[in-house]
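Labels run A, B, C and D following the written order; every chain starts at residue 1.
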Amino acid sequence: MEKVTMEQLPELFEAIALQYKENADELCKMDSKMGDGDLGLTMKKGFGGLPEIILTMEESDFSKKIRKAGMEMTDLVPSTMGMLMGTGISYGGKALTGKTELDAEGLVLYLEGFAAGIVKRGKCSRGDRTVLDCIGQAGDDARAALNKNQSASLAEVCQAALDGAKKGMEATKSMVPKYGKAAVHANVSQGIADQGATAGLVMIQGMADYILK
Amino acid sequence: MEKVTMEQLPELFEAIALQYKENADELCKMDSKMGDGDLGLTMKKGFGGLPEIILTMEESDFSKKIRKAGMEMTDLVPSTMGMLMGTGISYGGKALTGKTELDAEGLVLYLEGFAAGIVKRGKCSRGDRTVLDCIGQAGDDARAALNKNQSASLAEVCQAALDGAKKGMEATKSMVPKYGKAAVHANVSQGIADQGATAGLVMIQGMADYILK
Amino acid sequence: MKKIMNQAENYTDDMLKGIYAVHGDMVKCAANDLRCYCTAQKVPGKVAIVTGGGNGHLPLFLGYVGDGMLDGCGVGGVFQSPSGKQIYNITREVEAGAGVLYLYGNYTGDVMVFDDAAERCDMDDIETRSIVGADDVNSSADINVRRGVAGIFFMYKAAGAKARAMGDLDAVLAAAQKAKDNTRTVGFALTPCIIPEKGEPNFELGENEMAMGMGIHGEPGIWNGPIKTADEIAKESCDTILKDMPCAEGTEVALLLNGLGSTPLDEQYILCNSVIEYLKTKGVKVYRSWVGEYATSMEMAGASITICKVDDELKGWFDEPVHTPFYTQI
Amino acid sequence: MKKIMNQAENYTDDMLKGIYAVHGDMVKCAANDLRCYCTAQKVPGKVAIVTGGGNGHLPLFLGYVGDGMLDGCGVGGVFQSPSGKQIYNITREVEAGAGVLYLYGNYTGDVMVFDDAAERCDMDDIETRSIVGADDVNSSADINVRRGVAGIFFMYKAAGAKARAMGDLDAVLAAAQKAKDNTRTVGFALTPCIIPEKGEPNFELGENEMAMGMGIHGEPGIWNGPIKTADEIAKESCDTILKDMPCAEGTEVALLLNGLGSTPLDEQYILCNSVIEYLKTKGVKVYRSWVGEYATSMEMAGASITICKVDDELKGWFDEPVHTPFYTQI
C-alpha cells in the first residue's frame, strides 16, 4: 500500500480497533497492577468508536477529518490515555494540513504531530515512562527512515515506526513512573513496560496491520 | 428466718444478685432468641447494684428505703425489664408503708405491690406472656398460703411464692407474646418460657435462697 | 470489628464529647450529665419538645435538637434507653412555662422511661404529653404496636413548627399527631451493624441478600432474599405503604428517602428516582423530598422510604426553616 | 454486590435523574446532557466556578453547586473523568461575563480534560483560570503531584465566598489558592467500595486492618496494619499534617472531619474529639469544625482529617452562609 486515502481512513482505524479488541484484557491486567485497571476498556471503546465517527462525519478535508475525529474520541473516553490518544490523533491530523492522503511523508508528520499532541496534553517529556516514549520513538525512527531515503515507501516508513514503537516500549521497562496513579507504584514498576507505552505499540501495530498487509 | 430486718435488706438483695450472676448467660441466650439478647446483662447489672444502693442510702424508713432503691435501679438499667423490676421493687416497697421489717404478711404485700408496679409500668395484663405472669402468680399463691393459715411463717409464704413463680413461668410457655421485640417472634415462642418470666423466677429464687436458708 | 473508637464502653460518651466540642454554641448538657442533651437557646413561653432513645442512629435523635425542632434529647447507650431520671433532668432544663411534649419512638423500654419521667414531672407540676412514632408498616398489622423509625422526622418537623409558632401544648401534640396519622415507612437492610461493646454483627444476611421490613436494630422483617433492583424495591415498598394508607389519585405526599448508614447517597437518589417514578404511575405527586441519612443504624446498609400525605397545613410545617447542628433547612 | 440500583451501566444517570427530580428548583443540566450539572440561579457579572470529576464521591463534587459555592460540575462515570466537551458546555451555560475558575482535584485525567475545555473556551473568548486541589499529604512528598481529596471543600468555600462578593477572576483564584496553601489532609480506609460496573471490591484489607494514607479510589497508602484507636489515629494524622505544614503555638485552624461513606457519624465525632484534644496539646486551636460526609467513596469505610490554617480573611470566607441542595450553612 502506497498511501491511505480519505475513503480508506475508516478501514485503517478499523484495523487499529481490532488490535485493541484483541489486547484489551492484557492492557487491563497491566493497568490493574500499576493503575486502576481501566486502560484496555477505554482504548477498546475509544478506538472502537473511531471508524463510525469518521464514517458519519461530514467533513471533506482530509486533515480536518482526522483532527475532528481525535477530538470526538476524547469526549468518548475522557480518561488519561483517552485524552492523550485523542489529542494525539487530533494533532497528528493537524500536521497533515494540505494533504489529501497519507503517504510516507504524511505518516512521519502524523506521528510527529501525534507525539507533539501528547506532550501538549500530558505536559510530559521523553523518559517519563509514558506512551510518549513509544510514539515519540516511532516518530523518530520513521523520520530517520525517510531522511535516509527520501523516496522510502509508506510501508518502509511504517515498518520503521513499528520497530521504533517496540524499542520505545521496551525502553520504558527501566524508567520510573512520574505521572498518574502509577507514580505511587514506582518501586514495583522496574522490568515491566509502561502500560500506556504498551497501548501505544498496539496502535502502531494496528496501523502496520493495515498498511503492511 | 421469721423476718427480714432493715439491716438484712442488703443481704437479701445480695442473694438475688448472686442468682442473676449465675443465670445471666442463660437469660441472655433466651433473650437472643426472642429479643435483643441483653436481658441477662441488665438484670445482673441492675440487681447487682442494689445492695450498694441500699447500703449507702440515707433513709431510715423501711418502706421508703425499698421504694427509693427500686427507683434508683430503673435509672441504672433503663431497659424494659430494668424499668419493670425497678418499678416493681418500688411499688413493693410502697405496699410496706408503716412496716419496719418484712414478715409473712409483708412478703405477700410486697409481691402484690410488685405485680401492681409491673402492671402500672407495663400496661400489661395477666396472660400477655410477661414477667407479670410469674410475679403475679407468686403473689397470688403467697396470699393463698396466708389466707389458709393466718399464722403462716415467712418461710411458708416464701415457699408458696416460689412454687407460684415456677407455675407462672411454666404457664407462659403456651402464651403468645404481645409486647416488645418478642412480639414479632410470636410463632417461634410456643413451648418456650418467656424470658422476662424466667427472670422473674430467678428473682424469687434469690429471695427464697436467703429466706429459706 | 472495624470501628474508629477508643474503649468500646466509652463509645457514646466520646461521641458526645466531640459533639459538644464542635457545637457548644448551640447545645449543652443538663445536670452535668453528657447524656442530657439540651438546646442552649431556650425560648421562654414556648412548648418544649423532648425526645430520646438509644444511641447509634445519628443524626437521630439528638440531631434534631435546635431551632424549629426539638429542645432536648435523652441519649442512651447504643440501642439502649436513656433513664427516666435523665429525661426528667432534661425536661427540667428545657421546659419554658408552656409544658413539654414527649415525642419518641415506640419501643417498650423507651415508653416506660418516658412514662416514668412524666410521673416525676407531674410531682413538680410540669405538664407533659406523650406521643410515639410508630410508622414502620411491616413491623405489625396493629398500628398501635408498630415500631417507630425514620418517619418520626416528619413528626418532629410538624410539632417543631407548631411550637415555634407558639402553639400551646395541645396544639403541638395535635400537630405531631397529624403528621403521625399521615406517615408510613417501609425499610430494608442489606448488611448488619456492629454494637461496639458486643463487637460482632447483630444479624447475618447472605451474600447478595436483603431483608425487607427489617428494623433499625436488626429486628426481623417479612422476607429475606436476593437483592432486588431499585425499581422493584420501590414498587414493593410503595405498594405496602399505599395498601396500608390508601392515597387517592392526585394525593400529594412528602417523601423521606433515608439511608441506614453505609448506603451511598448515589444509591439513595437512584432509589428516590424509582420511588418518584412509581408513585407517578399511581397518580401520587411528590410535593417535596428529603434524601440522605436521617435515621441510621451505624454502619448498617439499607434504606427506608417514608411517605406522608400532606395538605396545606402539613406543607407549611414541613417548609418551615429549621437550624440544628445536624440539620439545616432554609 | 450489595447495591441498590437498576442496571449498573445506568448507575450515574439514574442517580442524576433522582437529583434533578428532587432539586429541580436549584439545579438544571446544560446541553441536554444530565452530566452537565449547573446552577439554575445564575448571577450576572459574577465569576463562575466550575468543578468536575468522577462520580462516586457524593456530596463531592456536584453537591457544592449552589448559592455561595460553585456554579457548575461535570459528572463523570464512577471514578471516571467527565469529558472536555461537557466541561465546555457547562462553562458556556454558567459563565456570566466575569470569567470562569476551574477548580477540581489533581488527577491526571481530570487535568487533561479541564485543559482541553479551557482551550475550547479560549476560542470562544471565555476567560478561564485553573487550580487543582492537592491536599493529600501522604500521596506524595512533592506538593505538586499530590492527589486532591476532601480539602477541596475549603477551596470551594473560599473561592465561592470571594465570587459571591463579586471579586474578579484573579481575586477568586487567589482566594482558592490561599485556602489551598493552608490546607492539608490525611485519610485512611477500613473497607473497600464496589464500582457498580465491576461488581467487586476495589481493594482488599484484612479483618481488623486499616490502610493509612489510602486514596479515595483505593490508591495505596503508606501502611496497612491493625486498626488503631481513635486517639492513635488522630495523633498520627495530625503529626503528619503538622510536620508538612508547621503550626506555631496559638495557630487557629479550621477542621474538616470527613467520613468516607460507611463510617457512622458517631465514630466521626469520636475521632473529631480525639483530634481536637490532640491539637490542644500542640497549642493549636480549632476555630471551627465540619463533621460529616463531605467527600466519600461510596460505601468505603474510613475517614479523613483536613486542617486549614486560618486568618481573619479565611475565617470570613468559611463563615459565609451557603445554600446548595446538599450543603447548607447559615
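We adopt the following convention: a residue touches a chain if its C-beta (ideal position, glycine included) is under 8 Å from a C-beta of that chain, and two chains touch if they have at least 3 such contacts.
No experiment lies behind these values; they were computed from the predicted model shown.
Shared contact partners of chain C and chain D are absent.
The distance from the centre of chain B to the centre of chain D, with each centre set as the mean of the Cα atoms, comes to 57 Å.
Taking each chain's centre as the mean of its C-alpha atoms, chain A lies 34 Å from chain D.
If touching chains are joined by edges, the resulting network of the protein chains shown is an open path.
The set of touching chain pairs reads A-D, B-C, C-D, using the touch definition from the header.
Listing the residues of chain D that touch chain C in their complex gives 1-6, 11-12, 14-19, 21-22, 55-56, 58-59, 190-191, 193, 208, 210, 227, 229-231, 233, 261-274, 276, 286, 289, 291, 293, 296, 298-299, 301, 303, 323, 328-330.
On chain C, the positions that touch chain B within their shared complex are 76, 79-86, 107-109, 112-113, 115-116, 139-140, 145, 217, 219-220. Residues of chain B touching chain C in their complex: 36, 38, 74-76, 78-80, 82-84, 87, 121-122, 178-181, 183-185.
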